[in-house]
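See the structures that follow.
Note that chain A is present in both complexes that follow, paired respectively with chain B and with chain C.
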Partner chain A sequence: MTETLGKTDTLVREIAGTTHAPPPTGRRRRRAVAEEPGKPWMIRVPLVLYLLFTLVPFYWMLVFAVRPTGSTQLVPWPVSFEHFDTVWNDIGFGVFFYNSVVMGLGVLVFVTILSVMGGYALARFRFRGQRVFLLAMLCSQFIPGAMMLIPLFVIFKGLGLLNSITGLVIAEVAFQLPLSLILMSGFIRNISVELEEAAMVDGCSRPRAFFAVVLPQLKPALVAVGSFAFIGAWNNFLFALMFATRQDKFTLPVGLSYTLGEFNTDFGALAAGGVVAAVPVVLVFAVVQRFLVQGLSAGAVKG
Partner chain B sequence: MRTRTWAPYALIAPTLVLMAIFLVYPIGSVVYYSLQRYNVTQPWKNGFAGLDNFTRMLFDDPLFWQSLAFSAKWVVVEVGLQLLLGLVLALIVNETFIGRGVARALVFSPWAVSGVLTTGIWILLLNPSTGIFQVLSEWGVGSPGTSVLGNPDTVFDALVVTELWRGVPFFAILLLADLQSIPKDLYEAASVDGASRWRRFTSVTLPHLKDAIILSTLLRAVWEFNNVDLIYTLTGGGPANQTTTLPLYVARQAVDSHNFGYGSALTVAGFLILLFFSIAYLRLSKFGSRA
Partner chain C sequence: MRRLLVAAAAAALALSACSSGGGAGSDGNVTITFWDNNGGPAREPIYKELISRFEAANPTIKVEYVGIPSASVQQKYDTAIAGGETPDVGGVTTSYLAHLVGQQALAPLDDRINGGALKDKLLPSLVETVRQTAPDGKLYIVPSSANMDIIWYRTDWFEAAGLEPPKTWDEFTTAATRLTDAAANRYGYTIRGGAGSVFQLITEAYAYSGVDSFFKDGKSTLGDSANAELVDKIAKLYKKATPEADVNNSFTQMIAQFTGGSVAMMHHNLGSYSDVTKALGDKVAAIPLPVGPGGKRTVVPNPTDGFAVFNNSEHQDAAWKFAEFLTSAESNSYWNEKVGQIPANTDVRSAAWIDEAAHVKMALGVLEDPATVLVPAPVYLPQYSSITKADNEPQYQKVLLGELSAQDFLNTMAEQLTAAQKEWEDRK
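Presenting the complex of A and B:
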């Protein structure tokens, strides 16, 4: 038993990233880290193949979305927006889109704030029950969302949270928080404590030292954790499917899943709905993916 | 900094409350329900059932074993392929070349559109009338009207490829993050000692990545085991329950049959299996030990 506990402790430390200093950020460092280039074809050939694998499905969706019904052109011209009109106005993707934005932003705000609070507590204090708390958060990763549906449904019914975006936000925050918090605590741990202490010696209160010294250095972590939370919420299907049965409370994935069933032959509508759901999240991702890699290498899954 | 204070408790209080209500309490109720006869459609039969649900599951339900076997196959194939391709992809985009930033953003992007959206995209790509196989057949490759999703022989491959599309980027992002934390001097030292490219990979890169690989495969295995949205929306578990995973079976028991008691017993079984698997995996892989 002691041995198992020892292992778990290592696991906790590894995840919280106590073993490594954060790599310096910025362009110069990232350029410098790579080895001298190998044979160019060793990079180019597999990269191009993988790019094809990644992009052909996206392209296919785009083509279906903008070509008129009945057309089979591979390069659609002129483009038509009839399918967007159908899904946005007739099927109601406008409403789903609004619901998804509200839910995504809600989850982003709460996950970010709560994970900074909890992460700071884990990184900067020793307290009774700390290890149990960490272990509980790790164990929560083994709990399948699908398997919590039954009790959660009962709870939501009791709390009157069925068919409400608030309810969806709460459930999603609860499920995302453990991992975000561990990530954030690893990040804070890697910020040197000396400046903070110096500020406090100079008469800053701890909260003031936090806002003046720690928070500015946390920006990449906030971007990484926040966008992680937003993307997760935006794509969440199971909770939204179970807890929102009224069409005016659907989010985009739920709306899309109905499009899959109802419009089996209307691929144009399915594709246009897909584009509506994909564009915001892909844009967010394209902007933040560099912070994500930085954030993970500094704070999270460390070996 | 390490004084005794109430501050950390105040900071973790909201998290604790959320976890208590939405994680701890539900786990407790799942265990409780699993020992009950609890069917919404037959409330007069409800009551304490002891281990009846579990004995039925173990001795009288071939679908439990079938879905468990499929889950295992799914996890092994997916995680294995994702690790391999993800590692290759991470090594590629870790090299210096023109357009690397754009290439990274592009090859990682499917990770952002996971779930139902992935299904939607692949249904468009694979549909027999205007999908990619139809276009290829017009170009003289393959036969027209190929339906990979409707054919029991190919549906598994189609699922695997679809899941790879969104899963490989996840691995690649995690491994790339770890690749970037390898000190550059290690490579320089190895080069000075005359180590070949392959040798540097096996002696410097791989040992450094070891713990990240162990941890990411474990997390991914758990997530793939629990994955519902993709299979649910792509095949619904069919044809003939061929692609039903354990969580999908649970969802069906809960949602379609309203059999909360039996569904909960399946849940408990799934949770225990994952827990034992994880402990065994961490022990066997000697996670955290320095190479």
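Presenting the complex of A and C:
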């Protein structure tokens, strides 16, 4: 992958010259910031404060999750995993976790593939009704999910998609696709057409040119769109709550709200469940954040 | 393109063909779905036990348990009703009963109750509460248990200070002030100032004022000056005998403060029994809400819990059989003993556990005392929850912060309730 990327980089420079310079890589950016004149504490002190502000709730969650019931110590020691045992085995977070992972991955795959295909069409072809289509896509973002609940419920019931992860994936993909599509077409528009044309002159078919030239350059965009799709699906509560009427089809957010009783809340279990739900998201961001910054800035600044 | 469409249609048909699950099998067995309206790890095992007992006694009926998170249960029922995918039997409380009846989702149960083992076995005050909630006065749920607002207090703190548990509101405020030691982070009372505050405040106001009905000649009595006196007394306790953070307290924070050991008294209900006893053991006990200067005991009843059979169910007989089983003396006793609430089945009163559960016995005593007057809040009004929550919770916070007078606050809310009640009467 990196090799192709390197090759296309050179291609870009050869064919397009300076007008289509590649977006600066992460490392180059960081160096540019460090070279700026100014006092570093003006940036660092507010950042540290902000970080503390953000992390303290997480610390609380962690503390509640790993200290035994009834304990009030601030630094939990020895660490107890009783709450994790409760949520995973007794409450069924094992099943909820599996459902969430399957759904998240399903949404990730479909949103990414469909938005690349649709985004390519929007970026490269002129067709009748294109503007109307784009406008409709944008407008669909104004409709809150709760409004679509009952119509979707009725449709899904007719199709037998209630109580199934497939149904959740379809609903979530439908809701996430418009924005992903628009984002992706923006990314693709930033990749110069001349590259593809050059590839086609050299004998590539259009699909081949797409896979050889466009797709490798889309890597940051794929990561950005894909990870947002995954996290959006991971966090979605409403659809999972409404379309699943069997407990073995619950996802993590529904499971979390399930631990909140009307009269009693097991804070240890709730916190442990929160950790279970948060860890994958943190991992995803830790892995992809480098690409994410690239992807977002590539979309933000017109090349 | 056309081939694709045909394929898609075929796939959709194939999918919908497999969707008709449940129902009666060829061997006469039926599966019914039961929705627990306050699902969660605390109650699921209790229901699972009752279901296995039921299935052992009725081998042809299988019960599928689904726990619904209590915060979303009304929305879930609404969606299910609109989509025609309701369960066969479900837990329903009077707080959203009128709403479900309005959508004609529930089957009336009067005949089934009177024609079966439950005839004359249900606590009359609960039956009455259920009846009053439906516009046509029918019983759409069979009541199973009730909750009551009470005050939990720290017996050890009272003992150490040489105080008796308060019987009147004046004793109450005195005790709250005396037990406060802000320097040691100990407070006499904790006010619910955040989510759910107004509902709780209304029960306090009527307990104090002794006003014996919520509407008089179609007008809300909430603005009564005696009600305002109580609100004023509570607001005066704020920050003097209560933690400052109380202005944003929902019940979870309130319970956390109480179980954490920084508060002497907390107004909540029987539902927090397991939380408070788990944390404080025998250092905690319950008293009814104090009475006002008039000495009359008026109680705003909590929503009554019960089971409903849904109109859409294809197995209403089996569904009723299960609901009846859950309300039978044995099951009702088992259930209420575990959750610490007031059993609806009057045969349970003689159960041994009631003598040991002092808080339930106390509450039953209050509900059965002929001198007690029930003042049901109009939870059947469609606007009730928006008036008491969205509209007036922020206003109550202003009262606590001294930016709004108690009388003005109650007058505004009373006007809103009067208008809503009029609309309701007109539509009936």
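Everything that follows uses one rule, which is that the second predicted complex is superposed on the first by the 263 of 303 C-alpha atoms of A that agree within 3 Å, B and C clash if a C-alpha of one lies under 4 Å from a C-alpha of the other, contacts with A are read in each partner's own complex, and residues count from 1 in each chain.
Just so we're on the same page, a contact is a pair of C-beta atoms (placed from the backbone, for glycine too) under 8 Å apart; a residue touches a chain by one contact, two chains touch by 3 or more.
Values in this document were obtained by computation on a predicted structure and should not be read as measured data.
**Student:** Are chain B and chain C a fit on chain A, or do they clash, once the structures share the same frame?
**Tutor:** Result for chain B and chain C: clash.
**Student:** Touching A:Ala269, do we find chain B (first), chain C (second), both, or neither?
**Tutor:** In the superposed model, A:Ala269 contacts chain C only, not chain B.
**Student:** What is the contact status of A:Leu55 with respect to chain B (first) and chain C (second): first, second, both, or neither?
**Tutor:** Once the two structures are laid over each other on A, A:Leu55 reaches chain B alone.
**Student:** Examine A:Val173 and indicate which partner it touches, taking first as chain B and second as chain C; both and neither are also allowed.
**Tutor:** The first partner, chain B, only.
**Student:** Could you say whether A:Leu149 touches chain B, chain C, both of them, or neither, answering first, second, both or neither?
**Tutor:** It touches chain B and chain C both.
**Student:** For A:Thr72, using the defined touch cut-off, is the partner it touches chain B, chain C, both, or neither? Pick first, second, both or neither.
**Tutor:** So A:Thr72 meets both chain B and chain C here.
**Student:** According to the stated criteria, A:Gly186 is in contact with first (chain B), second (chain C), both, or neither; which is it?
**Tutor:** In the superposition, A:Gly186 touches no partner, neither chain B nor chain C.
**Student:** Taking the superposition on A as described, I'd like to know which of chain B and chain C A:Thr245 touches: first, second, both or neither.
**Tutor:** Touch partner of A:Thr245: chain C, not chain B.
**Student:** Looking at chain A, which partner touches more of its residues: chain C or chain B?
**Tutor:** Of chain B and chain C, B contacts more residues of chain A.
**Student:** For A:Ser257 in the superposed arrangement: first (chain B), second (chain C), both or neither?
**Tutor:** A:Ser257 sits against chain B and chain C alike.
**Student:** For A:Ile43 in the superposed arrangement: first (chain B), second (chain C), both or neither?
**Tutor:** A:Ile43: touches chain B, not chain C.
**Student:** After superposing on chain A, check 148-156, 184-192 or 220-228 and name the one in chain B that bumps into chain C.
**Tutor:** The stretch that clashes with chain C is 148-156.
**Student:** Show me the chain A residues, by the header's touch rule, that chain B contacts in one structure and chain C contacts in the other.
**Tutor:** Residues 72, 149-150, 153-154, 242, 254, 257, 259-260, 267, which sit in both footprints.
**Student:** Note which residues of chain A are touching chain C in the complex, please.
**Tutor:** Those residues of chain A that touch chain C are 69-70, 72, 86, 90-91, 149-150, 153-154, 157-162, 241-242, 245-247, 254, 257-267, 269.
**Student:** Please output the residues of chain B touching chain A within their complex, sorted ascending.
**Tutor:** Answer in residue numbers: 1-2, 5, 7-9, 11-12, 14-16, 18-19, 21-27, 29-30, 33, 88-89, 92-97, 101, 103-117, 119-125, 127, 130-132, 135, 165, 173-174, 176-178, 180-182, 184, 187, 197, 200, 208-216, 219, 222, 225-226, 228-229, 233, 247-248, 250-251, 254-255, 260, 263-264, 266-267, 270-271, 274-275, 278-279, 282-283, 287-288.
**Student:** Could you list, by residue number, the parts of chain C that touch chain A in their complex?
**Tutor:** My answer: residues 12, 15-19, 33, 35, 38-43, 64-67, 69-72, 75-76, 79-80, 82-85, 87, 147, 252, 256, 260, 269, 271-272, 274-275, 278-279, 339.
**Student:** For chain A, which residues count as touching chain B in their complex?
**Tutor:** So the residues of chain A touching chain B come out as 4, 7, 10-11, 14-15, 20, 23, 30-35, 37-38, 40, 43-44, 46-47, 50-51, 53-58, 60-61, 64, 72, 74, 114, 117-118, 120-122, 124-127, 130, 133, 136-137, 139-155, 170-171, 173-175, 177-178, 181, 193, 196-197, 206, 231, 235-238, 242, 253-254, 256-257, 259-260, 267, 270-271, 273-274, 277-278, 281-282, 284-286, 289-290, 292-297, 300-303.
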